[in-house]
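Going in written order, the chains are labelled A, B, C, D, E and F, and every chain counts its residues from 1.
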């Protein structure tokens, strides 16, 4: 499937933290750049996410804010 | 200010596309990794975003989905 | 690609409305049920969305609210 | 109240899964079409959501992505 | 309708800025506190938003970030 | 850091509710106006949020819906 999310960044799962409803997934997408995701625990299990697995961080452009230093 | 968004990725503005209400900002955050953001045109002007300026992509973890190849 | 978004609802494009930065896409997912999406105009063109094309509405569970009648 | 969310889809609660902070609600909105929502546990209780109750899935258009098959 | 969004803040429309697809609405919710919303132009028209009209800002708790000063 | 989120509302932490993955933070931003946020438990700890601490509610304009009474 091709999706409209403008950001699809490939990486590798570094950490999976499972709660009863939510799960926190940490991806490493480049040396020193990690992206943290919170998805449902059900999805984390369905995608069989575990340390070392290749995965994509998918982010809709309207969910990205911009910050600048003073 | 320190913010709760788990993802704050530093980069450089590569492109600014202004519409009447929205603006699309492209950041390069690593060689070959770009992040596209849609913010309000007002914010884009307030932050004086333009090509080459250093900026951060700020993304709440609950807005990051995960994809895996089959 | 398999994605973590809990909601992937198949439908058919009913309307595409293009703005300079954003685009509004209306999908019909069942008789009498339409889902409206706002994505970037760039994505709408990249996915070659047009009336009649089959497409999926993809929605992260944390972006769905619930309402009940009094 | 009338709200700006473009998508208000009526359905029936099929499942409620409560965690300490979050809750996962599954609505059936048409034969074979379910929509999953993650809201706060507090809201789930306040709305007295339970299996069989009629409810609406409310989704802002900017939170709907589009996918197309290759 | 009663909705799961934890934040429903009453106010008065202060400004409406219409684009071709999106609209920017500014609400004043308390003396000196404004909340800015971007919704679809279609919704802005459907709700007949205009300066002085009473309206609510509705925000899902998972879309609120927290910042603290150093 | 200056950020693109149009809404940065100062307040005081009134309640912190920690779950295993998520945390719910209640801010009081004006007399009688509270804003509830769900962030990751990790962020809540990193920001050392506790009752009485000054903090900001940060909300992207595209995440604010509008409601009007009939």
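Going forward, a residue touches a chain if its C-beta (ideal position, glycine included) is under 8 Å from a C-beta of that chain, and two chains touch if they have at least 3 such contacts.
Everything numeric in this text was worked out from a predicted model, so none of it was measured.
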Practice item. Identify the chains in contact with chain D as well as chain E, in label order. Key: C, F
Exercise for review: Compare the two sides of the chain C and chain D interface and say whether they are made mostly of the same residue numbers, over half shared, or of different ones.
Suggested key: same
Exercise for review: Would you mind pulling out the distance in Å between where the CA atoms of chain E average out and where those of chain F do?
Suggested key: 16
Check your understanding: In angstrom, rounded to a whole number, how far apart do the mean CA points of chain A and chain C lie?
Key -> 21
Check your understanding: Could you state the distance in Å from the CA-based centre of chain B to that of chain C?
Key -> 23
Review point. Taking each chain's centre as its mean C-alpha position, how far apart are chain C and chain F in Å?
Key: 29
Practice item. Scan chain A for residues touching two or more other chains and write them down. Key: 1-6, 19-22, 24, 36-40, 42-44, 47, 56, 58, 60-63, 65-69
Exercise for review: Classify the chain contact graph as line, ring, star, complete or other.
Suggested key: other
Review point. Name the touching chain pairs, would you?
Key: A-B, A-C, A-D, A-F, B-C, B-E, B-F, C-D, C-E, D-E, D-F, E-F
Check your understanding: Which part of chain C faces chain B closely enough to touch in the complex?
Key -> 1-5, 19-22, 40, 42, 60, 62
Check your understanding: Across the complex, what residues on chain E touch chain D?
Key -> 1-6, 37-40, 42-44, 46-47, 56, 58, 60-62
Practice item. Quick one: which bits of chain C touch chain E in the complex? Just the residue numbers, please. Key: 17-24, 36, 38, 62-63, 65-70
**Study point:** Residue ranges of chain B in contact with chain A within the complex
**Key:** 5-9, 24-25, 27, 29-30, 33, 35-39, 43-44, 47-49, 53-69
